[in-house]
Amino acid sequence: MSEVTFQYENETHRADTAVAGFWLFLASEMLFFGGLFLVWTVYRQIHNSGFNQASQHANLLIGSINTVILFTSSAVFAAALPAGRRGANRTAFWLCVVTWLLGLAFLLLKLWEWKTDLGEGLFPGPDFSITGPGSAGAPLFWAFYFVATGLHGIHLLVGLGLVAWIALMAYRKQLSASNATSLEVVSLYWAFVDVIWLMLYPMIYLSGHVG
Amino acid sequence: MSLLPQASRMAPRIDWLIIGLLIISVAVLLLVFGLMLLYIVRYRHNSNIDRGKIAEKTWRLEIGWTAATLLCFLGLFVWGARLYAQLYRPPGNALIVYVVGKQWMWKVEYPGGQREINSLHVPVNRPVELLMTSEDVIHDFSVPAFRIKHDVLPGRYEMVWFTADRPGTYRLYCTQLCGVDHSAMTGWVTVMAPADYARWLAASRTGQTLAQQGQVLFMRFGCSGCHHAGLSGGGGTVRAPSLNGVFGSPVPLSDGSVVVADERYIRDSILQPKTQIVASYEPVMPSFKGQIDEADIVKLVAFIKSLAGDR
Amino acid sequence: MMRIALAWIVLLLLFLAELLMARGRIGPYAPLVGLAMIAVVVTCFMRLQKGSPLMHVFALAGLFWLCLLVGLGSVDFLTRTDHAVGQELAQPGQAQP
Amino acid sequence: MSITLEEARESYLTEEGTLRSWLLTTDHKRIALLYLGSTTVFFFLGGIAAAAMRLQLVTPNGLIVSNETYNRLFTGHGVIMVWFFLVPVVPVTLGNFVVPLMIGARDLAFPRLNLFSWYLFVLGGLIAIYALFAGGVDTGWTFYTPLSTDYAKGHVVAIVLGIFISGFSSIATGINFIVTIHRLRAPGLTWYRLPIFLWSLYATSVIYVLATPVLAITLVLLAFERIFRVGVFDPALGGDPLLFQHMFWFYSHPAVYIMILPGMGVVSEIIPAFSGKRLFGYHFVAWCSVAIAVIGFLVWGHHMFVAGTSVYSAIVFSILSYFVAVPSAIKVFNWLGTMHKGFVRFDAPMLYALGFIGLFTMGGLTGLFLAALAADVHLTQTYFVVAHFHYIMVGGMVSAFFGGLHYWWPKITGRMYPEMWGRVAAIMIFFGFNLTFFPQFILGYEGMPRRYATYPPQFQVLNVLSSAGATILAVAYLLPLGYLMWSLFRGARAPANPWNATGLEWQTPSPPPHINFIVTPVVTQPPYNYPPPEAQEHV
């Protein structure tokens, strides 16, 4: 009776249960961001023109580059799972490294974007720069922007830690067909962070360009 | 139900709903407690009563009491919802009184210019509509004797109305937690016979009606430098819309939309003039946010409202 | 591996489509393309369709409750007959000309 | 690792005795006891605040504290009782202990996550206690904006952080229970053979997992607004404070069902056991738990009937609120049906369960008053509401918790509690509770607003009555603390199945060994398989 399979019938039973449990956690995370989606939906309904104006001030170029970076990183990390299951630790390691670097690039670009946003007076407050006719609600958009991208950034930061952990496992040649649950769970998490970004991207960067 | 006076037209109707609910509740309670006592006495473990066979199929009973409960609830829902809809549909001829909530007092202003704190005077048998706003946090205006209650929010006007039908004085409360002295934010509503009310209005007159006070403010804040209002104002170097006849009429905005100029729109235009520019005018009006409190805005609104008939 | 590369190309194409659509007159439908991209990520990178029924239930529950939150949460705001005073206000302390 | 049979039979309590073995344990039974200890501390902290409030309200002008302190008292009472006692208590103590036992498993699916969630709970609790003692918070447990963001003094951000952290403990517990019930059932234990307690914990866990994150994001937005003085609920920016209320109640109304569903589950175990009869309408009771959890998500707007929402949405939320009351009513009838033709014994757990039925029914019926729109306008924000939810949460849930604690006490500790004292406490709680809270219904109808530190003199008589009841209630709650502690050392040794109850948890020794079952049980019978009356009569 090994410690890990104490309450399970066997290793597969344990692995499947862990992955299912992680999906439930992701459902919970979905509702966490769901609150933000509700905020956006309600205020866009009330302050349509202000939200459009505000969205036009978002940095579409950086936002778009970041989108490509992030879905590319999910693709790379998704490729690490079959490699890990094959026991191809070396391949898995390098795929993790590429994923990690792409994630880092996203975060650095995001920080730079924040810096330019702040420089343009887009943080709501006395110096907020979007004024004039039809701008009502613009500060709400930018308050939403900073909270949403901030929380997404924190999730990504946690993801970087998890990917580094998997890279370390691969470096130590610990991944194998029977020991890939951690890799699978982290790949779900990383793709989920991507999914959240794919939701946020049109809400933040595209909604103001419509029509 | 004589614990609390029924001092408005709505009060007995809401009490009937509560009595209806009470009757149903007592009946269900007697049933539940009765059956519970009956079963625990009759079927106590050392009783030798013949228990017979227990029912195997239970779904008939289950469907039965589910349907009965549901029907009863639907009836209660319709009853409550119809009364509620009336609570929020004021008659057109109501007397309007402005109420401003502030930590921790109620400021009341009458169209005739009378003002009071933590006190409201109304005539008997006449619908009264309260237009309420808050200077800070959410408050709630509640008069139990009238069975009315409504939250008072910052940044918007909320409405509640009633027809008092029994002269007397009744307590009013703030019933939304609003900070340290929440429990001190109380006062009295005085319901008076029409003749007494007229006397009270005359005695409390401050010399000017609310609209006249608004006109004074209109001059003092420099509004009249640009806006034409009444027989004066306007004519300065800056072109601004005339305010005669604005209230209640549609206003075309520079972004192509049209809004009806109501209390909300007037208030907005004073505090945040740049967001709703009247078509073909320049956005040059400064914001008065922070320079003018809600009680004074009420006066300006009353003044502009009084110009509704002028063209 | 092929499948992942293919999914990446599809994502890239969808992304370009989303960007172009947002600029054009069919802009309001651009978010639908965003949802298609999410579907690609969920199926190809998260392998949801290969998961156990239990995982499907969990994922669908999350989606269902998300719709509930956003849907029922908007009912009040969509049916307000009396829009609030503050709702058309801009930010405080804007610069005066 | 191989162990002898003798070692395997060693009780989980005595297996290892070091402090380290307790603080780093992954055994669900030990974690349940860790939780039991910490929730008890919170219960008495919240209780002290309640006692101070009742003392204050003995005189109209306030007997002991200032208005500001009174506001801090009821905020502290609300926050501690809701998030650190009522929301977690039954699932994390009784649930943690019996879920694996009831399904014939050795532990929950994720034992380390289970321990981690206890640490999160304690950390969140300590931060909340720090906030309350370092100056307190006076916003009420509902944290309505803009009072909480722009006007209130005090440690709002700290207490919100504490609640945020403990929220993740709820989510972890919920995930653990759902996955465990899906994946770790013993052979033969089909869904319709599960005890109702598991159905209700499953339903509770759905709410834990899917509602708590919405509270988390709401609190993040609140803290953001408080720290930066700008945010999405700020009316000065065009924000709508009602959006905060919608998001808050999206969690906090389902949280009411978090606070009652486990209690219903406990009662559904106790009543068949002490009636010696199978549960009436098992399938209906089981699915009613699920129905309550799902419909419970659709009714939050009934907290906002006078808040300035649209009339249409008020009507929608009103009718949905009636729908959620139906499954609760069905459950009450089924419990009564269970006692019919049974062999009813009056041990302490049964007295608590009967008290639960009575008080819960009263709480539920007064809920109908508040769901009826026009009646709600008069009664909401008054003591009527206070009395209503205390009947559900204290009269209902706390009674059920004590009932369950007595019911499983022999299993948990291996000792019997003193039966006479158990009955005395149960009866005292029932009467003390009614004396405390029934007068508050009348106060509410007469218009006394809640959260008032001082009140008009005409309300004094009823307030004094209520405070007198609170004294009895306080003694009644202290009693079990005393005699249960006593029983730990002096109580009679408990047999494996002292109540002749069905259920897998009674088939293993009291207290159970670390691995719960020496041989994994196989289930071949329906739940609550008590012999029919004709077979019992001649025993």
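For reference, chains read A, B, C and D in written order, and residue numbers begin at 1 within each chain.
By our rule, a contact is a pair of C-beta atoms (placed from the backbone, for glycine too) under 8 Å apart; a residue touches a chain by one contact, two chains touch by 3 or more.
Computed from a prediction, not measured in an experiment: that's the story for all the values here.
Chain pair with the highest count of contacting C-beta pairs: B-D.
Of all chains shown, the one whose average CA position lies nearest the global CA mean is D. One finds 36 Å separating the Cα centroids of chain B and chain D.
Measuring from the averaged C-alpha position of chain A to that of chain B gives a distance of 45 Å. Rounded to a whole number, the gap between the C-alpha centres of chain A and chain C is 14 angstrom.
The residues of chain C that reach two or more other chains are 54, 61-62, 65, 69, 73, 77, 83-84, 86-94, listed in rising order. Residue positions of chain A touching 2 or more other chains, listed in rising order: 16, 20, 24, 27-28, 30-31, 34-35, 38, 42, 46-47, 50, 124-125, 131, 135-137, 139. Within chain B, contacts with two or more other chains are made by residues 153-156, 272, 274-276, 283. The touching residues of chain B, when paired with chain A in their complex, are 253-255, 272, 274-277, 283. Residues 1-3, 6-8, 13, 16-18, 20-21, 24-25, 27-36, 38-39, 42-43, 46-47, 50, 123-125, 136-137, 139-140, 143-144, 146-147, 151 of chain A are the ones that touch chain D when the two sit in their complex. Touching chain D in their complex are the following residues of chain B: 3-4, 13-14, 17-18, 21, 24-25, 28-29, 32-33, 35-36, 39-40, 43-45, 48, 50-54, 58-59, 61-62, 65-66, 69-70, 73-74, 76-77, 79-85, 87-88, 103, 136-138, 140, 142, 144-145, 147-151, 153-156, 158, 171, 173-184, 186.
Against chain A, the residues of chain C that register as touching in their complex are 1, 4-5, 7-8, 11-12, 15, 18-19, 22-23, 25, 27-28, 30-31, 34, 37-38, 41-42, 44-46, 51-52, 54-55, 58-59, 61-63, 65-66, 69-70, 73-74, 77-78, 83, 87-95. Per the touch definition, chain A reaches chain C in the complex via residues 16, 19-20, 23-24, 26-28, 30-31, 34-35, 37-38, 41-42, 45-47, 50, 64, 67-68, 71-72, 74-75, 77-79, 82, 124-126, 128, 130-131, 135-139, 187-188, 191-192, 194-195, 198-199, 201-203, 206, 209-211.
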